Every structure is written in C-alpha cells, then in structure tokens.
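For reference, the structure is listed below as structure tokens.
To keep things simple, chains are lettered A, B and C as they appear, and every chain counts its residues starting from 1.
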C-alpha cells in the first residue's frame, strides 16, 4: 500500500543464514526452556522466557521481509506480513494438535516448524514459477517468513498459557480469543520494521532493532493476556519484561535514527536548501 | 482421526472456499494508492486489505448464523450478503467523495464503453490520469467479488466448525486461510485491477492454479485437526 | 424482533459511525496508508516537508492491532476483575492509544531517517504535538469498536459465538479498509494537492509536489485533520456505520432461525439500492461536470 524507493541491493551487515539459525534455535530454546522450567517448578513463572524467545524468530522474519520486499512485489509490505502469519497460524495449530494426538506435546513446535518451512517454500515456488515473479530470494524468504510466523505464534501462545499442552493452549489462547492479538502483533512485529524504515537510506541494524522493539510491545500485550491466565503478579512480571525490552531497544533505535538522519532538530523551518 | 467420505467433502469445501477467495479478489476494483489521489479507477486501497475487510465481515455474519443453524445455504448466503453490504457501503461513500469533494466524473481508462451502462469513458478521463471514481461496471464487479469472498470465507469456516466445533479456532483458522489466498491472488494482479473488464482479469487461471495448490495443502492439514478434550486453563 | 435488540443495533451503528470518522481523521493526521506514498515521494522529488509520516503497515492491519489490543485489555478486565463493561472498554482503549503512540513515533523517525540523502530532517516538535492527537483519535476508534464487540458478545441476542478479541480484529480490519478506501481520497485527492486544477484527479506529472506551506508558515498535520473532518471523516463514518448497522439490522428484525430467508433478502435489497444510488451519483457527476475540455475524440455516448 505504501510505495517508496526501497534499495534493490539491500546491503546487509548480518548474514541471513546466521540470522535464520539464531531465529530458529533461539525461539525453540525459549519455548522449551520456559516449558521445562515451568514444569520443573510446577508454576508458570518462567513463561516470559518463551516470550523473549519469540523475538529471535521475529528478527529472522523481519530480515526476510527486508530481503523480499526490497525487490518490490507490487502489493506493498503489509500483505507479506499477513501472509506470514496466515501460514503461521495454520502451521502452529496443526503442529500442536498433531503433537497432542501422538501424546507428545513437546513434539508440537517441531512439527509445526517443519510443516511451515515446507509450506513457505511451496508458496515461494508458486510465486516464482507459476506467477513469474522471478525474485531470486523468494523461496528462501517465504520459508523464513513462514517459519518466523509459526515460531512467534507458538512462543507467545506458550507465554500466555504457560504450557505446551494443546488443551491448555486451546482453553487459554484460542477460546479467550487472545490468538487474535498474537496474530496481529506478530504480523506487525514482522512487517512493521521494514515498513517503518522504508527508504533509500534504510539500514539493516536499524530495521532489526525496530523489530525487537515491536516485539517488546507484543510482550506487553501477552503480559496483559497473562493477567487473566496466570494471575496478576505473573502478568505484571511479563508486562515489566516487555516494557524493559521496549524501552532499551527504543532508545537504541532512536540513537540509530539520529545516526542515520540528515538532521534531528528540536524545531525549525525546512532545510535551507528547500525553502 | 478417521478418514471417511465426509473428510473428502471437508477438504473439497475448504479448497473451493479458498478458490472463491482467490478468484473473488480479481473482481474487486482496487486502484491502490493512486486511486486515493483520484489518479486511477477503483477503490483507493490495497487488494488484500479490502478483500479481507469484506470477506471477514461476511465471516462475522456467517459465524453468527452458524451459531443458530447447521444448514449450509443460509450460512453461505448470509456470509455473501454481509460481505456485499460492506463493500457496497465502502464504494458508495467513496463515490460521494469522488463526486462531491474531488468533483470528478467517474471513468475507466481500460475500456472505451462501460459494458453495463454503455457510457463512453475516454472523454471523462482526466488528463494525466488513468481514470477516476467507481463507474457502474466496477461497482457491480466489486459486488460480485465480495459475494465470492463472503461465500469463500463462510465455506472455509463451515467445515472447520464441523470438524473441531470451536468457533474461535475455526474463525482464526479461516482468517489464516483467507489471507494466504488473498495475498497470492493479489500478487497475481500486481496489486491493482479494475474488475472483470480489466485486461488483467485474464490472468485469473494463474491465481486459480496457485490458490488450488496452496488451499489444498492447507485443507489437508485443517481436516487433520481433531478436537481434544480440553482440561485446565481458565 | 424486540425493542431492546433494535436499540442495541442502533447504538452499534452510532458507535461505528463515530469510530469510522475518528479512524479516518487519525490516519489523515498521520498521513497513513495511501496518501503516505505522496508524502514519502515528496522528499524524494526535492520537497522536504513538516508533515507527519506515520507508515504503520497500512490502515487495516494497524487498526486491527489497536482494536485487538483494546479488546484483550477489556476482556481481561471484565473476566478477571469484574470491571463494568464501559470502563473496561475505556481501559482497553487507553492501552491501544499507548501502543499507537509507540508505533507512530517509530514510523516517523524511521521513515525520515531513511530519507537522509533527500535532506528530510526529523523534527522533534512534530513528534511532541502531533502524536498525542493521533493517540486521542485512536482512543476514540478503539473504544467504539470494542464497545460494539462487547455489545455483540454480551448483550445482543443471539450472542455472537466468536470471542471479543477476534470480533475486534475483524472490525478493526474492516474499519481500516473503509478508512483507507473512503476518507483517504479526501485527504489525498483534495488536501494534499490544493493548487492543481479542481475537478480532476492528480496529474501524474505532479506526483510528490504536495502542499507544504499554509496560510501562515508551514503546513502541519493538524491542519489536515481540520480540513478532512469536514467531509472525509464523516463519509468514512457513514460507510462503516452503514456496514455495521445494515448487517446487524437484518438479523435483529428477522429471526435468523425461522426467517433467515427474509434476512438474506433484505440484505440483497440493500445491495441493489446501493448499486442504484452509485449509478445515480455517476450519472449526475457526468451530467454536471461533462467531459474534460482537452479531449479531442468522439464525445458521443
């Protein structure tokens, strides 16, 4: 929807392969660490670890959006974020349900991840081969995006419900409708960073820092949901964690924006060259 | 999970629903950002978002209907009507702005004569633009698109609801499938189209194939999800 | 049909109208969605400006986010703490407004910083005085939509089976879609380009040449709200109000179980009426304005 001049080359400081590994491993570690610690202690205190884990997936997704959208796909950045979460929601529910059917809840995220990666790759193939986009990173980018959406949804669901069991996720996340905020917040965390920094002087580090910042906002939202599912203390804990992440990365982001901008002024007229 | 004849029917319903969404997007007259500057014919917004707006309004109506009846036809019809009302209200109020604020006659630059009213178009296309406003043919085309989107959304929702019996899960699942198909279709038309009279409309078989493949993969997965007794939680 | 339900449907229509109007004004202040492309282009063609550049993912997803945020907060407050419905909606809207502030600020500084080579500065005073008025409009939008969702789930019979956040998500997407289809034309077609010829769309040659100066000094984004609140905002509200009202009116008047046929037929009747009204608009615009004088070809109908 928003049209702008994206840089076609998209210079990158961080390699996508590295970010992909960090994203997948970081999110999975976050999910499992939270679940294991919760089970070991018999509480839901450590759910916020899963919420933090989702940030790794978000960064991977934001980087994938950056790579794909710098080619210009004709429909703007938002559509691709919604696609990522549309694929993610199906994969996440399927994986968790299949894991429960096998009686092994812990298998859910892995099944979901594998399914989403395959599906993302197929959609990328469709886009390139059937529709003739001919964007070289399309398959790769959509694989990443689909995986990122799935990981974000599962991790934030765990952050709200406190466990990986399908039945408690259905009761706490789906029946209450909290899946809606995960859906849209996850979508914005993935698509907003590149969309908000679109322009010829877009820098990768600034975009990714913005992704983590939006992820912090999403953790505040899951914390609000946790007020209901885990009680006031744990909900507030998650809100505070989210706020701290947001604040830290917002300050960082503002510093990077200052570094990149032509000028940051308190007030004033237009630049002398343009008056 | 038990695979029976009804499972195949569910898969077919979801696939047909996805295809209806994908093809319906081609009917919705979307001009993208230029249309908001009255630079192009159609509604001034993104394809995916408008299709989602109308299709999901239809889904809301269909969900309400499904909570009181199990009969497929009223559910599909009410989904279609909800979606058509949304898109018609949008296009009508948009027309007021084109007619009374921008002060421009409606015209399409893609055809010489409006196929429905027979009005000539080129004299009314402002210089430096590719048409403006929503001529009758676009309006009717958009209504058809919303009809297909609404039926598609309801058609995805209906079998999901029969499979897992959970309105919240079926709704969010339907939203997910809806978005995948709408995005694929909008990539196919590169973001803008004027309706069924637009030359781009001839590209629909591509979207048909793409949405068929994507919906099929999604449908296989959707029917595998079975309700599991919920315990604990809130 | 009973009077209570009808009253609720009328209230929903009124709330939706307010929500639509404030949604559009919010996006006009921030230059969100479609007109954003011109604001973005302006700096690139050599016109740096002092207009807010709130590029948050297009209107539908961003409004879906505000409304869903407000809805989860309201739902938590109602379910866990037994807060009265209307106060819960207000609390939710407050959280949504804060979220909006965060996203708006990050989009403004991000977009401006990415245009460093075109000498687009970041003005902190714009952030300070424009962001609160964006947040205020988002508060109104999300308050109204959450109240509509609450009415649909708790009060209106038959109760809607979806949970409140999902309904708010869908209405948020819808209000965003309507706001960017209707209200943006008034901002993008009229307000952004006031010195072109009246009575036609924007000539492609003029892309990016947005109006940057006001009656006195430089134009700011609050002026745009002043202009668009006269027609674009109310028209958007009308569009969304009609959607919510007509869609629910037919199931409120006719019982969806026994009279579903009548409910659907009423909907189709509304659709036909709107098609005819649009035809009337087209006809009267063509008759009153006539063809463009530059056209050299055949004018015959």
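The working rule: a contact is a pair of C-beta atoms (placed from the backbone, for glycine too) under 8 Å apart; a residue touches a chain by one contact, two chains touch by 3 or more.
These numbers were taken from a predicted model, which means no experiment stands behind them.
Enquirer: Would you kindly say which chain has the C-alpha centre located farthest from the C-alpha centre of chain B?
Expert: A
Enquirer: Looking only at C-beta pairs that count as contacts, which pair of chains has more of them, A-B or A-C?
Expert: The greater number of contacts lies at A-C.
Enquirer: Find the geometric centre of each of chain B and chain C from their Cα atoms only, then give the gap between the two centres in Å, rounded to an integer.
Expert: 19
Enquirer: Averaged over CA atoms, how far is the centre of chain A from the centre of chain B? Could you give it in whole Å?
Expert: Chain A and chain B have C-alpha centres separated by 26 Å.
Enquirer: What is the distance in Å between the mean C-alpha positions of chain A and chain C?
Expert: 26
Enquirer: Which positions in chain B touch two or more other chains at once?
Expert: 32-33, 45-46, 49, 52, 168, 172, 175, 234
Enquirer: For chain A, what residues touch not just one other chain but two or more?
Expert: Expected reply: 1-3, 76, 78, 82, 175-177, 179-180, 183, 228.
Enquirer: Enumerate the residues of chain C that touch no fewer than two other chains.
Expert: In chain C, residues 33-34, 36-37, 58, 60-61, 79, 162-163, 166-167, 169, 180 touch at least two other chains, as defined above.
Enquirer: Sort out for me which residues of chain A touch chain B in the complex.
Expert: For chain A paired with chain B, touching residues are 1-3, 73-76, 78-80, 82-83, 85-91, 93-94, 97-98, 100-101, 115, 119, 122-123, 126-127, 130-131, 133, 161, 165-168, 170-172, 174-177, 179-180, 183, 228-229.
Enquirer: Spell out the part of chain C that touches chain A in their complex, as residue ranges.
Expert: It is residues 33-34, 36-37, 40-41, 44, 46-50, 55-58, 60-62, 64-65, 68-69, 71-73, 75-76, 79-80, 95, 99, 102-103, 106-107, 109-125, 162-169, 172, 180, 212, 218 of chain C that touch chain A.
Enquirer: Spell out the part of chain C that touches chain B in their complex, as residue ranges.
Expert: Chain C reaches chain B through residues 33-38, 58-61, 79, 158-163, 166-167, 169-171, 173-174, 176-178, 180-190, 192-193, 198-206, 231-232, 235-236, 238-240, 242-243, 246-247, 250-251, 256-257, 260-261, 263-264, 267-268, 270-271, 274-275, 277-279, 281-282, 284-286, 289-292, 294-295, 297-301.
Enquirer: Within the complex, which stretch of chain B touches chain C?
Expert: So the residues of chain B touching chain C come out as 32-33, 35-40, 43-46, 49-50, 52-54, 56-57, 59-61, 63-69, 71, 74, 77-78, 81-82, 84-86, 88-106, 117-120, 122-129, 132-136, 139-140, 143, 167-168, 171-172, 175, 234.
Enquirer: Taking the touch rule as given, give the residues of chain A at its contact with chain C in the complex, in rising order.
Expert: Touch residues, chain A against chain C: 1-5, 76-78, 81-82, 175-181, 183-185, 187-188, 191-192, 195-203, 206, 210, 213-214, 217, 221, 224-225, 227-228, 246, 250, 253-254, 256-258, 260-271, 273-274.
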